[in-house]
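These notes open a run of structures that come right after.
Shared chain: chain A. Partners: chain B in the first complex, chain C in the second.
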Partner chain A sequence: MVVLFILIPFVLLLVLNLPFKFLNARIAFWLSVVLFSTQALFVLINSLFAWSNYPAVLGQFLIFKLWLDPLAFIMLFTIAIVVLVSLLVARSTITTEKRSFNFINLLLVALTGMNATVLVADIFSLYVFVEITAVAVFVLMAIEKNKFAIEGTFKYLVLSMFASVFILTSIAFFILACGDLSFSEIHNAFLANSNIILLNFAIGLFLCGLFIKCGVVPFHGWVPDAYSEAQSAVSVLLAGIVTKITGIYVLMRLFSSVFVLKGSFHNLIMLIGVISIVFAALAAFRQDNIKRMLSYSSISQVGYIVLAIGCGTPLAILGAILHFFNHAIFKSLLFVNAAALEKKFGSTDMSIITGLGSQLPVTSVTSLVGLLSTAGIPPLSGFWSKLIIIIALFNAQQFTYGWIALLASVLTLAYFLFMERNIFLIKTETAPEGSDGVPFGIKFCEILLAAITIGVGLGFPFILNSQILQLKGLLY
Partner chain B sequence: MAIDLILLSALLLSAIWTVMTIRLVHSVVGLALTSAILAAIIYRLDSPLAAVFELSVCSGLISVIFITTVSFTQRISKERFIVRRKERLLRFLYLPFIVIIAGLLLVRYLRIPQFSLPLSAQVTDVRLVLWNMRHLDLLGQAIIIIAGVFGVVVFFKEPNK
Partner chain C sequence: MKNELVLFLIIFIPIIGALALPFMGRISTRLRNGVSFTLVVLSFLFSSFLLPTALSNQSIAIVKYFPLGFNFILSADSLAVGMAIVVSFISALIILYSFDYIKHYENQNEYYFMVVLFLGAMMGLVFSGNLILLYIFWEITAVTSWRLIGFFRRKEHILRADKAFLVTVFGSLLMLLGFIRMYQETGSFDLSTIKQVIKLHPISDLTIALILAGIFSKSATLPFHTWLPDAGVAPSPVTALLHAAVLVKIGVYVFARIFIATIPLAVFWQTAVPVIAGISALICAGAALVETDLKRIIAYSTISQIGFIFLGLSIGSPIGVAGGLLFILMHGLAKAGLFLCAGVVEQNAKTKDIRQLGGLIQTMPVTALSFLFCAFSVMSIPPFGGFFSKYMVISGALETGHLVIAAVFLFGALLTILYLLRAFNMVFLGEIKNSSVKEGSFIMLLCVGLFAILSLAGGIFIQYPNAVVQEITRQLFSLR
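Let's look at the complex of A and B:
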């Protein structure tokens, strides 16, 4: 039944494009809301047995070999939540019927690609579905067709092509070394220690490609333009989930359970992680535009996940998975807040909207939740994941990286408090009174994501027992 | 050996022309030609199936999609064409030199070790590969073509802002 996560969005995409007049943007929106909500709810019924078994008749047709484990459940849940939020934001920010319909179609393509990326058990299929997601996102980014969005898309496209060349070349080396591209065969080749030079060369190339896809420093050139110039709903999608699935998840999956790495690769990944944390946090200080500041903040937070993956201990990988989920939620929340400001004031430039944010009480409160969680303030969700990552670094005797990660949280808090003060806390005499003018869909997303951020933080002991410890199959 | 050198040189020239030409249609033709020469090289490397796919998909299908897309665009004026051609030539003037220097350096210094494909990867029956081993990738191909179609619709069928 696992394959239904791939087939249902694909079939819905085909159905929506049948030549019937009643299949308009409104119908497409509601069908998509049902699909995304269903995916989130079904994934919560976290039973591997239920998803891995199905009637024999179906088995004759559904012959795809897929990989399902607790990590995949967390990814599928995160994808469903962020894609749903992106859809709701698009409903409020894309005004034309035709463009809205095209947005939903491309969102379904991206969902199919991301679900398949999470579930495949073969490195070439992984590449195919990462590219499918990327193609859908290229088009989504330029959907408004303004000059800056197209420029951002072009940068992402060109760098993504370089990433593809690296990844494809490394796949050619993997088939030379292993004779097969399934995860299990590649893992066995590492354990057998055969063709190890070729395998290490392949890993190096794959890593270069993944660093570009993750948007970590120094491969981050495309991220600020792509995140800040895209349409608000696309920014949520990109920052919330796309770069995480096509970059971070692939890194996490391959480097924690498929490849068997040497110490030098661990050190390289940690170094890239820590450079990203510090460089992007410092760069965020210099930004006048909220979306650009959030973009640099994203690079910095992704640095924490990369640092934890590089550390490689079970506790560090656990921290990476948790921070992946938490960051997807609170970064989506902050981009939804930016969408609310853009909708109300037509700009996300801090010099223009200084002091005006106080007119938006829901946005003001939820943005405070998002930024405090990003900075790792207790008891919000970001605190737990950062705490686990830092403890894991100290346990692994990586004291320098641990201290840098800890101190960089202070930087995060500083630039976000600066943003919060400028937009929401300063009272200006010119601020007009009146209704906040933020559409219900955006407010709903703000409250939903803030509730998840607070809920995960407060209920962490329960979630640790019921969900996260199930990951031990991956971790030990 | 002589044929290989001729094919590789033709491949380079065709690829450089594809990048440097200003007309989109010429670029598409250049790409199709590059793919066709690449198919011949792949064939000479004892991979006839890969050569057939390269020829039919990259040289054929992709060119048709590109030509269709180009047909949605507007022709630029003659004056603008002259300016753009000059700009483009200046921008890519260094490209042939870089390619030649890189090629000479690679020939001089790079020693690629010989590897043979493991037996488990040497499958000759294309039906087996496509329908039994890589069916998920076929589904992926279908989805990526659909994504491309939406791309054409968004970029060329919707009015510009």
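Let's look at the complex of A and C:
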């Protein structure tokens, strides 16, 4: 039954493209809204076991196997929320009928790809669906057809292709070493300890590819261009979920439960994570475009997740998953704020848009929620996931990394305070007069995401106890 | 059960009520002002309701267990209840004063929201029985005070607010590191559990140092003190709230909570903390002597006086601890009074520079007299309240044989007298430089006068606060 997560978006995509007059962007928009919110609600209401127990009638026709575990379960929820937000933002930022229709179609492709990525159980299908998602996003990024957007897309495309080459080569080595590409077979091969040199070489290659896809320092060159030059709604999608699913989810899945790693790989991943945290935070200080600053902040926060995955203990992985979810939510929130600013003032340059607090009350307050959560200030959601990651690092005796990860929060707070001060707080005579108000769709997204951030933050111990830890196998 | 409910209400009435204030403000400003005052007064009344139970040494606690040690534990002992009463009482008066002070400015909804939320978070912090819960409330106070310092939205104000926020957050992150290390060493974030485990093996010095760094940053003690004088750009009720009554006392309270009520401080720290406090007290007293901005003088004075509280609490003798606790009350009353007087002066004379002020006693006699009374209490002139607390603190130092430290602090007390008299002299005495200055409004004068009278009454009727403080100290030491 799990296959419905892939089939329904795919079928909807086909139906929307049937040659009927009445299938316009409006219909497509509402159908997609229903689909995305249904996915979120179903995950929220139905327990994991209910899903696994359905008979897998449809699944047996597929050439690849699907599985649904707690990790995938949380991912499906995150995907649904962010995709829904991106769609709502697009409704007010993409104005022409034709483009809007194309956007929705591509969004459905991306959704299909991401849902499948988290559900497949073998490494080759994983690669295929990652690429499907990526291709949809390439086109989405270039949908504006201006020079800079194309430049950003091109950078992403080229680097992503490099990553693909690494990953494909690595998959070839896995075939050599294991004979089969399903997660369980690869895991068994590691346990059996045969061909260990070949396997480690394959892991190394895979890791190179994944680092590019995650956009961690020093492989981050494409991230700021891609995030900042894309259309607002696409930035939300890209920064909120796509890079995370195609990069970090894969890293999380393979390196926490499929591969059995040597200590040096753990150290390498943790090192890359810490470098990302610190360097990207420092680089964020130098940005005067809000979207570029958010991009660097994103790299820095992704560093936390990578660091936790590198640590590899069950508690660290739990922290990584929670930070994944929280970061997807509050970074989407911040990009939606940027979209609101861009919509109203036509600019994301912090030297132009300044002193706007009184004009944009909702954006001002919600961006505060987003940035405080990113900086890990309690009681917001970001605090808890960072705290778990840091406790896990300390438990694993990684004291240096723990210290750096915790104290880097000050850097995060510092550059965000700069942003908040410039854009919203200070009073200037030169504050620009915007066009008409922020559209309802964007406001709704801002409030929704801020509410999730605050709600998860306030109720975290309760949610952890009653929901997350009930997903068996997440924390052993 | 009844007491538990009251305990819950003390914290969550202001926090949840604060959320509604901005919406009330859109309907009617009077409603909003009245409700925010009521919320704080309710907190005060409920805290007072708990006092007899707490003094009779019965435990009141709400305990709910969660995974990973993130337990929700609120517990009310006499120390917590006493602190809550002091804080909520002073806050209530400050809110009353704000009615007239803040009505001339924009963003009033935000102001009342932040002040009441601040108080709620402070109440939560006071009653927290779990380090993570304590940290959460601690940071909420940091966020609210960040917005309160940057209340007037000019660039230099917001820069200073950001500075205060970053310094205190840096300190609190160090403290969180200390908490996590404590968790590693004892296996729990719960203070009661830590207290049991600690008897078997002591906490490492690095952990203590990290927690102290957080406490010092919040209490604006050297070397983290620079944010506090800069925070004087805030509206006056806020500076009073931040400097005098609440914010800097958070650090002091947490010190008492962790290092007196939970972990006995090792001998090394019983000397180290007073030394740091002494340096802090002297340097900032010196700074107060040369400063020309009235609010900055009082702010430096606060840092200097906080040093005395740390001395009393860390020196390890019951009379010192009792003196330190009494000091929190007396200093809170007197310093809040001083800041509110400075607010009256600033608002009516349109300047805080003491060189441009003079002779104000003729045009604003009530303010001048109140300022003098409060200043006497801070200077610890008998029979004002401040005298008894400072006397007890210093005799605590002498009792444990720290003669040099006691002498240093006595010198600090002398400096206190000098800089406060200098400030009073330049602002209120001498020739009139600006004759158009009028006296403040009735409500503002009422609050200022009340603080002055309470500073005097606290000294004359010293036996009542002293009895409570002695009982708290007895419980703190007997529970070891």
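Just so we're on the same page, the second predicted complex is superposed on the first by the 448 of 476 C-alpha atoms of A that agree within 3 Å, B and C clash if a C-alpha of one lies under 4 Å from a C-alpha of the other, contacts with A are read in each partner's own complex, and residues count from 1 in each chain.
In this section, a residue touches a chain if its C-beta (ideal position, glycine included) is under 8 Å from a C-beta of that chain, and two chains touch if they have at least 3 such contacts.
Everything numeric here is computed off the predicted structure, so don't read it as measured data.
Chemist: Using the superposition on chain A described above, determine whether A:Phe64 touches chain B (first), chain C (second), both, or neither.
Modeler: Once the two structures are laid over each other on A, A:Phe64 reaches chain B alone.
Chemist: Just chain B (first), just chain C (second), both, or neither: which does A:Gly357 touch?
Modeler: In the superposition, A:Gly357 touches chain C alone.
Chemist: Have a look at where A:Val139 lands relative to chain B and chain C in the superposition and call it first, second, both or neither.
Modeler: first
Chemist: First (chain B), second (chain C), both or neither: which does A:Val128 touch?
Modeler: first
Chemist: Have a look at where A:Leu407 lands relative to chain B and chain C in the superposition and call it first, second, both or neither.
Modeler: second
Chemist: Examine A:Leu271 and indicate which partner it touches, taking first as chain B and second as chain C; both and neither are also allowed.
Modeler: Touch partners of A:Leu271: none, neither chain B nor chain C.
Chemist: Just checking: does A:Ile454 make contact with chain B only, chain C only, both, or neither of them? Give me first, second, both or neither.
Modeler: In the superposition, A:Ile454 contacts neither chain B nor chain C.
Chemist: Which partner does A:Leu417 contact after superposing on A: first (chain B), second (chain C), both, neither?
Modeler: After superposition on chain A, A:Leu417 lies in contact with chain C alone.
Chemist: What residues on chain A does chain C touch that chain B touches too?
Modeler: none
Chemist: State the interface residues of chain B toward chain A in the complex, per the touch definition above.
Modeler: Those in contact with chain A are residues 115, 117-121, 134-137, 139-141, 143-144, 146-148, 150-151, 153-155, 158, 160-161.
Chemist: Once bound in the complex, which stretches of chain A touch chain C?
Modeler: 315, 357, 372, 375, 377-379, 383-384, 387-388, 390-391, 394-395, 402-403, 406-407, 409-410, 413-414, 417-418, 421, 425-427, 460-462, 464-465, 469
Chemist: In the complex, go through chain A and note every residue touching chain B.
Modeler: 6, 10, 13, 63-65, 98-99, 102, 105-106, 109, 112-113, 116, 120, 122, 124-125, 128-129, 131-132, 135-136, 138-139, 142-146, 175-176, 178-180, 198
Chemist: Applying the document's contact rule, which stretches of chain C touch chain A when the two form their complex?
Modeler: So the residues of chain C in touch with chain A come to 66-68, 70-72, 132, 135-136, 139-140, 142-143, 150, 153-155, 158-159, 162, 165-166, 169-170, 173-174, 176-177, 180-181, 183-184.
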